[in-house]
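Just so it is clear, A, B, C and D label the chains in written order, and each chain counts residues from 1 on its own.
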Amino acid sequence: MSGKSDELLLIAAIARLITDPLGHPVRHAAVGAASPIPAAACWLAKMQGADIRLSLLHRPRGNPFTEGTRELFDLAGQGRIDLFFLGGVQIDGEANINLIGTGDWPGTAVRFPGSFGSAFMYLTVHRTILFREEHSPRVLVPRVDHISAPGTSPPGTFRRGHAQALVTGRCVFRFDPARARFALATLHPGETREGVRAATGFDYDELGEIAVTEGPTEAQSALLAGPVCDAMIETYPDFCRRVWGRGMKETGAKEQAA
Amino acid sequence: MSGKSDELLLIAAIARLITDPLGHPVRHAAVGAASPIPAAACWLAKMQGADIRLSLLHRPRGNPFTEGTRELFDLAGQGRIDLFFLGGVQIDGEANINLIGTGDWPGTAVRFPGSFGSAFMYLTVHRTILFREEHSPRVLVPRVDHISAPGTSPPGTFRRGHAQALVTGRCVFRFDPARARFALATLHPGETREGVRAATGFDYDELGEIAVTEGPTEAQSALLAGPVCDAMIETYPDFCRRVWGRGMKETGAKEQAA
Amino acid sequence: MDVDALAALVPDGAQLALVPDNSLSPGAFARALVRRGARGLRLVGVPVSGYATDLLIGAGCVAEIETSAVTLGEAGMAPRFTAALAAGKLRVTDATCPAMHTRLQAAEKGVPFMPLRGVLGSDLVAHRPDWKIIDNPYQAGDPILLLPALSPEFAAFHAAMADEEGNVWVGRRRELATLAHASQRSLVTVERTVRGNMLEDERLAPGVIAGVYVSATAVVEHGAWPIGLLDEYGYDADHVALYAKLARSDDGFAEYCARFVNAQVARAAE
Amino acid sequence: MDVDALAALVPDGAQLALVPDNSLSPGAFARALVRRGARGLRLVGVPVSGYATDLLIGAGCVAEIETSAVTLGEAGMAPRFTAALAAGKLRVTDATCPAMHTRLQAAEKGVPFMPLRGVLGSDLVAHRPDWKIIDNPYQAGDPILLLPALSPEFAAFHAAMADEEGNVWVGRRRELATLAHASQRSLVTVERTVRGNMLEDERLAPGVIAGVYVSATAVVEHGAWPIGLLDEYGYDADHVALYAKLARSDDGFAEYCARFVNAQVARAAE
């Protein structure tokens, strides 16, 4: 799936997970770099009235921290970050994530940037939403080649939270940490149970009827195109232009380059 | 002893210890609150040309730190503080110091303010000069009632430095950490070996001839009354007025009080 | 919210961290706690404390204190602290300054303990069952002190400014950021409020403690007094000397409270 | 001192800590290191690194790196890092961001180790013999990670200002203070110099790193470029995208160096 309607669907699906009243309440959500869809989902939840503090790690100016990412990690260590987003080069059926690479350590087949703060945040934050648009057997694997951050931890290991869900370009999976297992929650429009099963390298549950992932309501669409886009345009100019046709690319103050 | 000539003598004596080429070189000296004599000695050494960075902990404005005393302690932890000054309600012959009080813990007979950072600084700073004007058997005791900070440490215990000397109103003692014992170094003008022995509660060595503590030279006196006083007047207005007859008492910007 | 409302947020028996007299100590807030008649407070000096602590002890607000010292600086000993201890009315747990900082830093990072060099050989260790000595796991035969994290129930200090987002500006006093990060609730008096969001201003941001760490603020002009506030007003040494003199006796302390703490007078003064 | 003289202070084989592309990374300094032909550098990403690191790796300056990631952000993967690793020309020691911060904080405090929550169960632990798991001395049955202190031989970053006392102003980027505190030598390029002592100015002081931690400075206008500098100039996304495109091949990387790194061109650009 690709295109702007898909992105809006993903934003709406994630916003719904954020405001899900069954989980740990989200008072403070942090969003890493290069994550415009999760950021938009957080803004949407906030613009809908949820009392959420948003910390966008890589705002070029006016970011909320005075000690850089150390402050984010300290906040998480204190238990003050309720929600974080993680992706993965590979994600397996036990919600382990791999940001290192494939092949032998440290990624001799394909090397990716590295683990960032995942090994810490996944255990110290109250809720994590896993997000990876590519939904294919090479991403969603039976077992990750390397565990950057574990999906579950043995009893006695300090851990505040787990994956709440995994959102992909095809569906939403819920995660049950007690069973270390995903269950299909909703299928994005046009997707089938069989198609998702075929595209997923790990086993998971399908319990009863599977609903279709709902896109944004009319009110949500208006919020997204208006105040959400306004809030995001400085940090994610390319995204805002592509999805809402708004904004100019920030070029930086230095003109002599290239 | 009391009076301004005595204070100038003590300043000169401490400045001489600071610039003593035999010890760990002093590049960075820190001086705590309410210590105008050690501060003046550091300024004097600096004004005489020693390459010393001075950190005055309690300058009301423009102090050197942005993380308060934590930064001082971290500097010491890093090994970046070469010289510090400590006093003591009691000081014993093994250079243990007591800032807690006398009688049972935590000072049921006479209670003093507390240990401050002494327990840390005495072990992490390269050199400590002990300074206590009162030289009497009640201060210089055979064994302190409580050890705020130990004069020596057993082998294997992390420790960078020890007391270099103990300066009192009557004399200068040098300290030998290997033997955990003081030796009389110089007698202030007018003091005798016997008088000091009688006023000292702990045993110590007297090795050979004991010189008289030298007061400031003419050049030092000029530096003290001029640039040293200029540098100190904001932090220690009372002291500067008393010793050099300079400066007005800082009263604070709030007038409505009292 | 005024300073008395802010002080009302601290229940009897609460643990309250206070700062030294050179680090934006909240004088007006301490007087408001005395006015409200707080009882049983468990104070924490970070790493030491002074005027505010001695005043609270003198007014009978304090059951116990953990600190590296209580001092009035140039004005000398803290007389009500000393008197309460001698009278057996105050439980004191002694520490050393960097240990207090370290305990807060452990809480700031969300770890159960942190190590600290030095201190071994001090009698402090023997009186602190919560301090542990272990063998350095990185070097056998190297004993090192561990200190448990401390997350005070409340912290209070005085800042120069608050903005519309609940951020406060403490300038170079960045150690207060660690205190706010470590504490469960931070109550901050401020000299004034400003418009907007100070974290959006790159010149102000370095001295800001973000609103996420601030539970409540109250505007009190000269709220640090008799303590100083950066370059805005100086430490009022005359007043602290007067306090030190009066507080030597019960009667003198009562006179001090009547003149400087009781509601009417304090209103006029603050 | 100019930036090339500053780069000359880093000997071949030195350990050099670099910062992320959103944290005053020293672009001009990295290009000067390439010009001087540095070899065998042991880089440390605090906690990750980007353009400067990829450039140094591409130019053959780097033997090994410890980092939590190497990334060009929106411009994608770091192509020379990936290529060098695939070619077996670079030794990589993987970490996780808060572990890098923690190792520096341990060095800042002068302790041999610090604990960190989380991380247990990550394969990182198995590949880090210098990371130890112990049983929490404060709670049996609670395993916790210990990390050894790291005191980099050199750190480099770009600040907005230096003053006559050798202090530098990094604004809200206070994490650089920890880096400077922890490092043995800090080399700082600055946009400009100012008169006086910034630590005497209560408005500037909170964003200052004191000269005691700064070994040397050099003035380079636009010294962060293509990285941004607070509110003074933005991150040059177009240029980093151009770098990412050219650096996909050896020839393209050589072209990039010829256009943007070699002495003459660099002079004009900087």
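We adopt the following convention: a contact is a pair of C-beta atoms (placed from the backbone, for glycine too) under 8 Å apart; a residue touches a chain by one contact, two chains touch by 3 or more.
All values derive from a computational prediction rather than experimental measurement.
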Greatest separation from subunit B - chain, by CA centre: A
Distance from subunit D to subunit C - Cα centre to Cα centre, in angstrom: 36
Between subunit D and subunit A, distance of the C-alpha-averaged centres to the nearest whole Å: 27
Euclidean distance of C-alpha centroids - subunit A vs subunit B, Å: 58
Multi-chain contact sites of subunit C, meaning residues that touch two or more partners: 109-111, 116-117, 142, 144, 172, 174, 199, 202, 205-206, 208, 230-231
In subunit B, residues with contacts to at least two other chains: 61, 63, 65-67, 77, 124
Touching chain combinations (by label order): A-C, A-D, B-C, B-D, C-D
Footprint of subunit C on subunit B - complex, ascending: 33-34, 58, 60-61, 63, 65-71, 73, 77, 99-100, 105-108, 111-124, 146-150, 153-154, 156-159, 238, 249-254, 256-258
Of subunit C, residues touching subunit B in the complex: 20, 22-23, 47-48, 67-71, 73-74, 77-78, 81-82, 85-86, 92, 94-99, 101, 116-124, 127, 141-144, 172-176, 178, 222, 225-226, 228, 230-239, 242, 260, 268-269
Residue ranges of subunit C touching subunit D (in the complex, touch as defined): 102, 105, 109-117, 132, 134, 136-139, 142, 144, 146, 148, 170-172, 174, 199, 202-203, 205-208, 230-231
In the complex, subunit A residues that touch subunit C: 28, 53, 61-67, 74-80, 124
Residue numbers on subunit C that touch subunit A, as the complex places them: 107-111, 177, 181-182, 197, 199-200, 202, 205-206, 208, 210, 212
